[in-house]
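The structures come next, written out as structure tokens.
Both of the next two complexes hold chain A, though its partner changes from chain B to chain C.
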Partner chain A sequence: MGVVDKIKELDGAKITIQRENRIFVDVDKDRVIGTLYSLKLMGFHQLSVQNVVDRIKDGKFEIFYVLYSHEYKINVIVRTWVDRDNPVIETADKIYPSAHTWEREISEMFGIKVEGNEDCGKPFILENWKDIPPMRKDFDSVKYSSEHFVFRHSEGENE
Partner chain B sequence: MNKSYELFIGPNHPGIPGNFSLKIELEGDTVVSAKGDPGYLHRAFEKAMEGRYYIQNLALIPRICVPEPDINEAAYAMAVEDLMGVEIPERAKYIRTIVLELARVANYTMWLGGLAGTLGLYTLAQWSIGDRDYALDLFSDICGARVYHMYIWPGGVRRDLTPGWEDSVLSYIRYLKNRLIDYDNIFLKNVMFKYRTKGIAVVTKEQAIEWGATGPILKAAGVAQDVRKDDPYAAYEYLDFEIPTLTDGDSWSRAMIRRWELENSLNMIEQAIKKMPKKGPVCAKMPNPLKGYVPEGETYAKVESARGEHGFYMVSDGTGKPYRVAVRGASHTHMFTIAEKVLVGQRLADVSHTLVSLDICPPEIDR
Partner chain C sequence: MERMTEEQVKTIANMLRKRSLWMIHYCTGCGAMELPPTMTSRYDMERFGLAPYVTSRQADILLITGYLNVKTLRRVITVYEQMLDPKYVIGFGSCALNGGVYWDSYAVIKQLDRYIPADLYIAGCMPRPEAIISAFRHLMELIDSGKADGYKRYKRNLAYYKENQRKVLG
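Right after this comes the complex of A and B.
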């Protein structure tokens, strides 16, 4: 059985083959850690990136994990969705050590709580941030800038 | 009395590759813990991209990596082309390859100077950074800009090569191949370089795979992985090149891999110039950039940077602006998952060159 067939047999997963070496695997939030573990056992050892898409119209956060297999030369993109009102996921850093820092980043930038990652919640890139998490779609960066910074006119510009 | 003490390296330190800070705890001059402290270069690129048209983002993204900006343009353009289902013309594929390899050469020459500088040999730093400048002049000839080119864009490249540019590139390659002999003699064959880097900051094959290393760190540990070979883009599938590997995984091996890659890049540019169609379009027919819409969808496009896998995860909602763009720079993983671990046990004098040896590019982390 080829690796693509094995991926197709993952429990509770919806598979979309975008092209030969790009496969999307959509799973429920409760299954995501099990799916990542199964994929690692299949040979997907590299977590390239873990990040979030704010699907504000659906009231969800889409969390994606881009995995890669050195053996099969395939990227698998695992996606799951959590409620925007109570965004909680389980850490994947026991499976992929590099997830630890990606989770710190998504926790700070999107306000997602990551259970099991003791560094989430500590300041990472931002400093003394008191507004809503800045990568959320309802954060207005122009409004924030106009409230916090003085506008400087360029030389020769009409004020 | 405390046995250990804390030392801040950066954000303005000659041994730090950019505005980045490292908090290290030392006992004597031995590192017992190291923690990266990012944020000094955070300019919210990902958020800013959501508010701009696809074409406007091209002025923004090269700044995600200062020494090698073209990888951002290529990965971004590939993601847009993927969502739009656009195939770029043959000549554009070759031009992209030449530009990307020239950017890699510029990056490696600068990196070599950085490594030599952190080991106290400033002569090579002055030579190689001077030689990098000639590559920047070549970029200036085709796009008018030395550092941030905005030359690779969705559909192909912005405009055709200027007449005689290929000859100037070939002349530069001949010059640099001779210079590499000088680099080897003064630095890489220097016994002091070997003493300072052999057995330092070792990343074994198992660790490199487990920690998610890519690029020269993975190759120096013995894994022949390269996006140019495994998932070819631009014209790499038409070129003949080997992926260099070594097995020790130490600072010396990583330097040797990069030296090897530098020569590979020069050879690849020569091949690409020889094989490139002499005439033909350099950009596919694309809609008006301020009125065109990118179909709804999600994709991940990746290229091989001088540091490893560099990717853009792009989400389109079918409008003229990207809904979400997430950038994957190799340094993100290399700093927090690898450097923080391998620095433990090193001497203070080796911290700077270990960071350069892992080639940490801070803007890739902050974005």
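Right after this comes the complex of A and C.
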């Protein structure tokens, strides 16, 4: 049985095979950790990226984990969705240690609470940030920028 | 022998200073890419007496290569205040000048000279090594004529600079 068949048999997962080396695995929020663990046992040892897409029209955050297997040369992308109003996910750093740092970044840039990762909430990249997290779609970058920094106007330009 | 006046000492000091400038380059953005050809044999800035240097305490020129965000600005100010007088600041590229392509970013400051006194700007995205060499030549002229007085302005208007720094850095 090939690895793709094994992925197809994952519990509660919706599988989309986009190309032969790119497979999407969509799961519920509660099943993410179990799915990641199963995939790691199958040979997907590398977490390339963990990040978030702000699906503001659906009122959801899409959290995705890009896994790679050097044995099968396949990318598996595990996706899950959480509510924008109360975004809480569970940490994956017991399975993939590099997730620890990714989670710190997403919790700072999107304001997502990560349970079990004690470093989330500590300052990571931003310093003295007092606004809503900057990578959310409803954050107005131009407004923030013009309030906090002074633009240079060249001569003859209408202000 | 007659003693030299203070003015004459300054003139001679400036004349010597402009021929031996050590530069610390704070490579925040993509601007650092243009420096290796400037430093090495292709454009060879050492023929003007300029040399890259590694520590802030011994350097004369602080070259800000590229955009500065709030986080790096804090470090740049530390580096600038560590440097000994006389010290000169060159803002490199359009990002240091007015924000450049990052004009709407939540993190990038738009005007370097509000926070530390810039003696000179090199406009362009990217400025070529010819432009950098030309800026150094221009800085030499400014030093020779005593117009490169950014470090004096910083001391004189310290309250203004500190207030601006406090506004963005908190």
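Methods note: the second predicted complex is superposed on the first by the 153 of 159 C-alpha atoms of A that agree within 3 Å, B and C clash if a C-alpha of one lies under 4 Å from a C-alpha of the other, contacts with A are read in each partner's own complex, and residues count from 1 in each chain.
Basically, contacts are C-beta pairs under 8 Å (C-beta built on N, C-alpha and C of every residue); 3 or more make two chains touch, one makes a residue touch a chain.
Please read all numbers here as calculations on a predicted model, not as lab measurements.
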| item | value |
| --- | --- |
| First, second, both or neither for A:41, with chain B first and chain C second | neither |
| Partner chain in contact with A:88 - chain B first, chain C second, else both or neither | neither |
| Comparison of chain B and chain C by chain A residues contacted | B |
| Which of chain B and chain C A:152 touches, first, second, both or neither | second |
| Chain B versus chain C as contact partner of A:98, first or second or both or neither | first |
| Touching partner for A:141 - first (chain B), second (chain C), both, neither | both |
| Chain B versus chain C as contact partner of A:127, first or second or both or neither | both |
| Those residues of chain A which chain B touches in one complex and chain C touches in the other | 125-127, 134, 139, 141-142 |
| Chain A residues within the chain B interface of the complex | 18, 21-22, 24, 45-49, 51-54, 64, 66, 68, 70, 73, 75, 77, 96-98, 100-102, 124-127, 134-135, 139, 141-142 |
| Chain C partner contacts - residues on chain A that touch it in the complex | 125-128, 131, 134, 139, 141-142, 144-145, 148-152, 154 |
| Chain A partner contacts - residues on chain B that touch it in the complex | 38-39, 42, 44, 46-48, 51, 209-212, 214, 223, 225, 230-231, 298-300, 302, 309, 311, 313, 315, 323-324, 326, 328, 332-333, 336-337, 366 |
| Parts of chain C lying in touch with chain A, wherever the complex brings them together | 70-71, 74, 97-99, 103-111, 114, 167-170 |
